[in-house]
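Submitted below is the structure of interest, expressed as structure tokens.
Chain naming follows the written order as A, B, C and D, and within any one chain the residues start at number 1.
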Amino acid sequence: MYYFTSDYTEGGHPELLRALTETNMEQTSGYGIDPYCEKATALIKADCKREDIDVHFFVGGTQTNLNIICAALRPFQGVYGAVPSHINTHEAGAIERTGHKVLELPAPDGKLYADQIEKAYLLYHNDPNREHWVQPKMVYISQPTEIGSMYQKKELEALHAVCKKYGMYLFIDGARLGYALTAPDNDTTMADIANNCDVFCIGGTKCGALFGEAAVIINPAIKPDFRSIMKQGGAVLAKGRLLGVQFATLFTDNLYYKICQHGIDCAMEIKAALTKKGIKFLTDSTTNQQFPIFTKEQAEIFSKDFVLAPWEAVDDTHMAFRICTGWATSKKEVIKLIALIDKL
Amino acid sequence: MYYFTSDYTEGGHPELLRALTETNMEQTSGYGIDPYCEKATALIKADCKREDIDVHFFVGGTQTNLNIICAALRPFQGVYGAVPSHINTHEAGAIERTGHKVLELPAPDGKLYADQIEKAYLLYHNDPNREHWVQPKMVYISQPTEIGSMYQKKELEALHAVCKKYGMYLFIDGARLGYALTAPDNDTTMADIANNCDVFCIGGTKCGALFGEAAVIINPAIKPDFRSIMKQGGAVLAKGRLLGVQFATLFTDNLYYKICQHGIDCAMEIKAALTKKGIKFLTDSTTNQQFPIFTKEQAEIFSKDFVLAPWEAVDDTHMAFRICTGWATSKKEVIKLIALIDKL
Amino acid sequence: MYYFTSDYTEGGHPELLRALTETNMEQTSGYGIDPYCEKATALIKADCKREDIDVHFFVGGTQTNLNIICAALRPFQGVYGAVPSHINTHEAGAIERTGHKVLELPAPDGKLYADQIEKAYLLYHNDPNREHWVQPKMVYISQPTEIGSMYQKKELEALHAVCKKYGMYLFIDGARLGYALTAPDNDTTMADIANNCDVFCIGGTKCGALFGEAAVIINPAIKPDFRSIMKQGGAVLAKGRLLGVQFATLFTDNLYYKICQHGIDCAMEIKAALTKKGIKFLTDSTTNQQFPIFTKEQAEIFSKDFVLAPWEAVDDTHMAFRICTGWATSKKEVIKLIALIDKL
Amino acid sequence: MYYFTSDYTEGGHPELLRALTETNMEQTSGYGIDPYCEKATALIKADCKREDIDVHFFVGGTQTNLNIICAALRPFQGVYGAVPSHINTHEAGAIERTGHKVLELPAPDGKLYADQIEKAYLLYHNDPNREHWVQPKMVYISQPTEIGSMYQKKELEALHAVCKKYGMYLFIDGARLGYALTAPDNDTTMADIANNCDVFCIGGTKCGALFGEAAVIINPAIKPDFRSIMKQGGAVLAKGRLLGVQFATLFTDNLYYKICQHGIDCAMEIKAALTKKGIKFLTDSTTNQQFPIFTKEQAEIFSKDFVLAPWEAVDDTHMAFRICTGWATSKKEVIKLIALIDKL
């Protein structure tokens, strides 16, 4: 049985495990103050083509999100997020436990748009009783989104512009960033991301690392005492160099991009096969998550060899499934899956 | 200039001020442990026709809501609330600062319905990854709602039944409860309220008190250490008897109902005059808040003598206004207002 | 039976009640945006001899403390407080629920001292792992202290200087400020208080008001969005003018000082009588709280006519009691109490 | 240069790395629902000789502490901790950000005692105004303590008894538990730990794992929805099996005990050498942390080859250092260090 259910079913890329093994018995200081974190930071800064940014390494995504938001917002401030956004749905109320409201905005394609943000902000801003409202201070988006869609560079620029206009931060959650930057219709670089937001994170967990997210802070207002926020949040890894070693390896010789490209290639082949068969999709995704809609009979065909993730009922007879590929996806299994698709 | 903008523009009912003045130099213990709070509690229990309930006195509404929710929920639990509900819009994120998510539900008429709650809950409950979601544990409704509509007894029973079925609490915010219980189409008593929820509050601030809300706890699970929650939340009034004196006065000789009935009578007369003139309303309200829709020209007519509260733009040429009456509304001014309405 | 147990056993000063009654049926806007709050603010600014300060009105003390601290500190920052300080002992963990650590410092006489603060701060500051510690950002003191002692002007200046030196705020809790400013050995004015701290509050509840504390913010860093913090904390009174009316009355014609002076005079007479009889005190207090130490037999003598507050056991045969006077203390009862003391 | 500064300077035990490498490309479900976590849980239950306990795997210690406390306490409840305890000093206010007060108790030898707890609790309990205090609900101790001392079985039994007597939880932080259970004067087993507390954790990070702490919940009151608390706290590792694989390896063939025994043996040899030379210690430690007191000249002798951790100044001419050994300590370097000690 092979799982196409998510991009975190395996451990880490063998290169990273090798680097961890090679450096295993070295002695370093703890808590992320070590040469490997330093090296990883330098490599990420180089990829962003900026020196004036701070880089911090986290173990997981919810941890990253809640601590960034904790560092950036005052208690009465909230963060705009799409209805299906990770912070609004799949973090068990982590942002609220941190004290902040996620200000839900509808997002049929998973994305937020600049004019939508402006309209929502002005509704708040123009209310004479706005002191009684949560003050919007941040916009949270995921690149790619939770349902596989993706922002084009222009869209990011417009979002960042509207945030700056109204004194808000733009936070880009890049838990799957590698799969956006290698998507066929991608027009942004890591440097573009860095130049068009206030803070973002580079996902490791879903992109080749055993675990790890790199938070990149661009806006100086979010930088002070960030490590204190992390420590207080239980988010500073004792042997921090484990994160440094992994990110240094990922950002050496373009490994991050190469292995994510593999995930994308697998997804595009599957998508093409499905499309050829006239299968409809929940959303049009050019990234590593595909959401085909199957009848019960169609789904049955795959169930002997593969596990796909049931996503949502579309109607009485159709169900959308998530097919998720990644750096670890077996090419052989993709071929087997496509052979089944061809029989639909 | 006379204000019809809200039901808290004046101080308190003269009877309450007189009671406060008469008892002013008496010495009592602080923090709500005094004969007046005891008496008010007994009177409220009598009105609820139940002895097995706890009564606590708060100064204000947001304070009441946040401390009730704080006492009732564990950190990962959230509360369903209508999109326009007070906790979701006008408390500056008080519930989130307390650590809890308000789980927004659409409510065109301001009300939540039992089947809507069940459907929302099952979406959560049937998700195998529900550990990643906020756990719904409470349903918050306002009686009457923020836009003047009202629950019938059957609706409350249905809501309470669905809450019990799924292990959730029903919390009724009665900031304007007096104006629901005296509305022309009301079919519930205070006892019905008490018997159909887990916790509710009886609004004083908008119903004749200088300030004060009485929280009534029915469900034994919410009772333990409630005063510790209040104290920690900065919500225990040092001279607690000020609340006791006021509520004891309100619940003696039906004063609470009599003075709220006055507010309702004024509202109904205004409503009738508007209806006669073919004025449309934002919602059909039988309580003390009316939301007529005026053209600019119509609104202009009132503006020399009265202040109405602009509520929301309906279209390019029409705006809904709130006309709010209450225990303190001047009958003379109502007559003057109606005279203007008749000229529309 | 007459109570000398606290300074909040009665209601409010008759002048304040009269002002509330006179203004009762006036219509004003809510939430502290009204002419009375404006007037009270102007009077307090005049008393502070400064225009560049913000004034906000709260209902109670714990509420005031938690919201000031919430507004001033970031999540990882803490506040130095004396072991017996109110925030460390009698607020049920309000500061911790707000997310902040009270950094306890020993205070045998209830006071914190500048050199003690500097030493504690440097212990933190000089630790290379200080990121793992709570960052001290505020010093909280009470004037007068919880056990009746008082800071002299020089001591406040020294504390403020050390705070400024290390980037910390000095917060003076003046829940009983009126009884410090009228104490026989007092050498500070309201303006001195304002000039020697970053934020302070002027107690109303224990000094003649039915309820109410005025928070005065001097440091511009604490000012922005303070009302949002208050609103979110459930600390904005709907009919805010009730606070404005009371503080405006208290700060007209020196009423605040005159009525507190009465409380002090009563306390000093009682102290003198006790001292004459050789009674020892827990601390030397020149304010309205006296802590005489009695044997069981001595305490017995008072118990038929008076209630004193048992404070703490001093040894197997002696117990310290609190005798608390105030604006409302009956001169006649003081004379009766002294008559009993004279018989000891 | 060799570091004796801490027990987390290296990566993980080679057996664990090997197990991670071997299982690396296997596909499993995420979030700790996988066969490896299941196996590790079974092995820990077997070591505790109890089936009625819950086991959850965390990445780090602060994370473990804050989430256990978050799950166990209601908002107004606090936790007793020694002044030098980890939660009181080195977690940057994590417990306070979670909303709870650490109720400091003095602990010259790092340990809390049953009679001390009882006395402190009764002080709270006997206060008629205890609603104004933080309610003590948990006792937090570390085994071994932060300064190397250790509880004997009788002491744990007494602590647990007093906790049960007053309705409090006993939480044992075993971040270095392996070094207590293998100490020369240890008289407890893992089962004894489990039988004498309500919740405890087994440290992996300092005892052979790359990272990881196993929380073991004995008291049924702390079990419900614990995973929701973890998820909300950002403490559920996506590839949870990484923790399962490591703990399963540690608890197979007594690896955990064998490798910690090595750390203890190294420490005891160093301690013996120091003792022979008449060197004094800050505390008498039988675990893997030793705190010898050196003159500047003595410290100088080690500084060319070794880094010891400066701990605290004892007087003007003496400084206590921490020498920390562990599973990874090089026997060869211990011999070199002892050779230098012998020259003192």
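The criterion applied here is as follows: contacts are C-beta pairs under 8 Å (C-beta built on N, C-alpha and C of every residue); 3 or more make two chains touch, one makes a residue touch a chain.
Because the structure is a prediction, the values reported are computed rather than measured.
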Higher-contact pair (C-beta pairs counted), B-C versus A-C: B-C
Euclidean distance of C-alpha centroids - chain B vs chain C, Å: 34
Centre distance in Å when chain C and chain D are each reduced to the mean of their C-alpha atoms: 42
Approximate Å spacing (C-alpha centroids) for the pair chain A, chain C: 50
Contacts with two or more other chains, residues of chain D listed in rising order: 75-76, 91-93, 97, 99, 131-132, 135, 228, 231-232
Pairwise touch network: line, ring, star, complete, or other: complete
In the complex, chain A residues that touch chain B: 75-78, 89-93, 96-97, 99-102, 104, 129, 131-135
Touching residues (chain side chain B, partner chain C) in the complex: 2-3, 6, 8-12, 14, 17, 20-21, 23-30, 59-67, 91-94, 97, 205-206, 210-211, 228, 231-239, 242, 328
Of chain C, residues touching chain A in the complex: 31, 70, 74-76, 99, 131-132, 135, 225, 227-229, 231-232
